[in-house]
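The structure follows.
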Amino acid sequence: MQCESSQELKGLIDEAKIYTKDGQVAQYIPALRDADPDKLAVAVYYPDGSCYAAGDVRHKMSLQSISKVITLALALIDRGEDVVFDHVGKEPTGDPFNSIIKLETISPSKPLNPMINAGALAVTHMLIGNTVEERFERLLNFVRELAGNSTITYNEEIAKSEFETAELNRAFCYYLKQHNVINEDVEELIDLYTKQCAIEVNSVDLARIGCVFAMNGIDPVTDKQVIPASVVRICKTFMVTCGMYNASGEFAIDVGIPAKSGVSGGVMGAVPHKCGIGIYGASLDDKGNSVAGLKLLEMMSRKYDLSMF
Amino acid sequence: MQCESSQELKGLIDEAKIYTKDGQVAQYIPALRDADPDKLAVAVYYPDGSCYAAGDVRHKMSLQSISKVITLALALIDRGEDVVFDHVGKEPTGDPFNSIIKLETISPSKPLNPMINAGALAVTHMLIGNTVEERFERLLNFVRELAGNSTITYNEEIAKSEFETAELNRAFCYYLKQHNVINEDVEELIDLYTKQCAIEVNSVDLARIGCVFAMNGIDPVTDKQVIPASVVRICKTFMVTCGMYNASGEFAIDVGIPAKSGVSGGVMGAVPHKCGIGIYGASLDDKGNSVAGLKLLEMMSRKYDLSMF
Amino acid sequence: MQCESSQELKGLIDEAKIYTKDGQVAQYIPALRDADPDKLAVAVYYPDGSCYAAGDVRHKMSLQSISKVITLALALIDRGEDVVFDHVGKEPTGDPFNSIIKLETISPSKPLNPMINAGALAVTHMLIGNTVEERFERLLNFVRELAGNSTITYNEEIAKSEFETAELNRAFCYYLKQHNVINEDVEELIDLYTKQCAIEVNSVDLARIGCVFAMNGIDPVTDKQVIPASVVRICKTFMVTCGMYNASGEFAIDVGIPAKSGVSGGVMGAVPHKCGIGIYGASLDDKGNSVAGLKLLEMMSRKYDLSMF
Amino acid sequence: MQCESSQELKGLIDEAKIYTKDGQVAQYIPALRDADPDKLAVAVYYPDGSCYAAGDVRHKMSLQSISKVITLALALIDRGEDVVFDHVGKEPTGDPFNSIIKLETISPSKPLNPMINAGALAVTHMLIGNTVEERFERLLNFVRELAGNSTITYNEEIAKSEFETAELNRAFCYYLKQHNVINEDVEELIDLYTKQCAIEVNSVDLARIGCVFAMNGIDPVTDKQVIPASVVRICKTFMVTCGMYNASGEFAIDVGIPAKSGVSGGVMGAVPHKCGIGIYGASLDDKGNSVAGLKLLEMMSRKYDLSMF
């Protein structure tokens, strides 16, 4: 997983970096609050295994909401499409990711899609395993395989902080339990979910995972089909329709790349048949997306004609 | 606490009883599910200590939502008006009692009023005491004092069943915790709340408690001011604007008596300066109110001109 | 309709007047925008025909939302309770008066109550008459009769301004038309509604109308039953549960008088069996109620023990 | 615009046709209500000008909501991206197309996207021209150019019926007017909008228009750039995120073709770089999409690997 420095990407980063001042880093837990808002890094991973980068691409970030796509893939592998979509819907929403309204006003009482928190919790609930540890181990190994990086683990401090402040997610869980969408112990599910969000990767890891999605599930190095193509297709669709919280529609127009962001400032992009992109930039816009990261993706999409549309 | 049989009330009961078939008993826990839908009982308690009754007025029921008025009174005594209404609003709502929408769309994030579940949980949270046991003991003694009945206790089986099925209330609690409306352990609050709901009274108890509210807080037997008049005034106002779930507006027009209902089929009425009314009729309409109980109150209101309006 | 100056009321006005600076006059049409925010006037009308006043009680104001109670009374006389409540609900709401959400999320698709704009439009729709002119003439004569003032008319300039800016009310009308709540020409209904809102009265007029409601429909001078008692009861109930927009619950607790406000700064109160109150104070709080007017009512309620609760 | 019969497409149609019985034709106006629910037709138009078809591809249908994409293209040409998206948002929504909730709860008060009715009305409002006639003429000529069919016109009877029943759209317009999103006469806008919806095309016309979108705006016969590529990109994005009402997310996963449906039973698809697809099948599912048409597209997507994802 060597990654070559690219002057071209460096130039784009310098240009995009000025937008970091338009946002701020996530404030709700110390580990995120302390991030350097001025950092910006990008890695591009190609199907032939080559990789180009600029900025501090070895800087680690927690997956946060980016994990929603990966757990969705694993849950689809574990349970199949029918079971998964019995528990969560397929429709995008104009509401913020943490909105509780839609749980009540659209029937049946299932979360609208797997990218909003309530839906992601329902997906994590479906991961197979006898214990939280076993289920998490399976997920972690899946992430390691996709990233081709067996050293990936999770940040215990972040997991702990998030567990302690996850009141809204607990509210979602009990609401889902009331409506029989989930039936496990809530504290266990929150434990699993916060660990999942705290898995730490760097931009190169993200780019390589994105590359697997870009290549319909085929590993760029081993050429093995590590995710079934039908599962990848579903994941990429959600990345387009709901990957950027309630800025997904705007992102689809302006950038047009299947991508998923997280409040740690990470963005994982999957340009179909072309490449995977991993970005780190902790300064967030008011929707929760990396403000300079999105600008960078927009520049790259225009310069290299990456939009699907 | 002798209560004389009244032929006149017996006649009204026989007339109202035919409406029991228009509803059904609450289904969500065994203890309520097994209630006899055809029973109907009423007691009327006067400021001079006299009491008239018809039907099986010694039949016990759990307080359920009727407890919301009594805990509000105690919380107002414990904390004062300012603190209480920092945590919960004063506005009625056309939404059902278990709606979560209003928590999100009206700012600030506090429950609209103390009669919806989220608001009632916020009120119970404010009851003073070092432990759940101590807080519950204080509440139970308050109920006993109001009813003049030291034998009142709670039904452990009902409390246990409700505790085990309280997922929606747990969702509310975590939502409230997220927004800093409450800050105690959720399981402890749910424990206290479900015990509160499981306190068992009979129709005479309810009528006597209603009489205290009707007399602005003065005990009909001891003439002692057991609740400050200003607290009673607030409670009675909520009984008028939100006492019958999302049928409160209709009830105010058709009946016009400050009253509070519970899903056990109980209704407690407080006719200002006149009397307290206690009703038991387990068959509920689709809003959760005793179907024959409301009919009976409507008949009594017309016959005896009891409407405030 | 002589009204005696009262030093006591003058004292209360002076005290309440300081709150006028906490609000501002309605801004959406010139006639309201130009009102003097510092004026405050009150009249109290008693069942024996006596009247006491302070401030410029001859200052004219348009009825605005106060007209909602009067048209409700006339519609109930014209059509009967059943027809009226086929078109509009009886439940209070925590939403603002101009909210459109509840039209969609509560079924059946009828406005929640006659005090929100959509409900008031449905009520005005039911006024009997062959033409807008005839229906308005009937309403105007009804107002004149209640106020004992045959010189009352409407302010053409205000009606015209409101007609020209009534886009939101037109939206409500078409929504109601879509759901078969109304079936007349929308422009005609808006014409009738904006004229109704533009009827001009002074504080003494309001106090006298309030007195009719306070006396269950009996005219304080002629002793004639000018509104059936059953109709008055319904109107007073709505004044309590929804008379002060989404501050009704708070007003019920703090003041406890059936009352209705308008954005012109008028408030009409009806203290059961005691008196009618008319207030003018154009400075509004953020809910749309006369800020000093409500303070004045709160003072009067405490001083003279006027609360129903 | 000759279109060759295709046995292969005929086979697919026969297979998809059995699903027509799972839906029903639109009921709200006579012209739609009288459609034959069993008809199913498809045309596929290729960039080289070739065309293959099955079923009665000359059967005319009104554009209905399919017109929303075409007017969006023309408005973007007329006004530019900045002006258009000052009036309408870019976000998909899980609400039905005729929902009014989102107009109120998401601020600023602009419709979420151009594919819901409120957004489409805001877009039509932006079409340039001095009169309704001139604006409609421009739009009609645009449709004719895209379809390469100068005989296209609108169905006056349908336009008239829709104009007469457009109360909900009038409600949207006045709501938009209240919030300064539109400022023209509502009846004129409704006139223009209902004519736009009543433009009649057949499946071959739809396929050819779809082909222009598929080819980034280049006419398959003249090779002329009839829509700027940047405009086409925006339109196709909305077709993916919001083209199938509140089944768009599901359609993106199951089919993955930018497409737009209408309640007449038409569907226009644009397979990037490959072909345009036109379908007619009047039997609708409960979301308002051609039930057999969607099945047919799903079959075609799988058989010919047409999904973008």
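In this document, chain identifiers A, B, C and D correspond to the written order of the chains, with residue numbering beginning at 1 in each.
Just so it is clear, a residue touches a chain if its C-beta (ideal position, glycine included) is under 8 Å from a C-beta of that chain, and two chains touch if they have at least 3 such contacts.
Note that this is a predicted model, so its numbers are computed, not measured.
Traced through touching neighbours, the fewest hops from chain B to chain D number 2.
Spacing of chain B relative to chain C, judged by their CA centroids, is 33 angstrom.
Averaging C-alpha coordinates per chain places the centre of chain A 55 Å away from that of chain C.
Separating the CA-averaged centres of chain C and chain D is a span of 47 Å.
For chain D, the set of residues that touch two or more other chains comprises 101, 105. Here the chains touching each other pair up as A-B, A-D, B-C, C-D.
Interface of chain D with chain C (complex): residues 99-101, 103-105, 167-168, 170-175, 177-178, 186.
Within the complex formed with chain C, the chain B residues making contact are 89-95, 101-102, 105-106, 112-113, 233-234, 236-238, 240-242, 246-250, 252-253, 256, 258, 272, 307-309.
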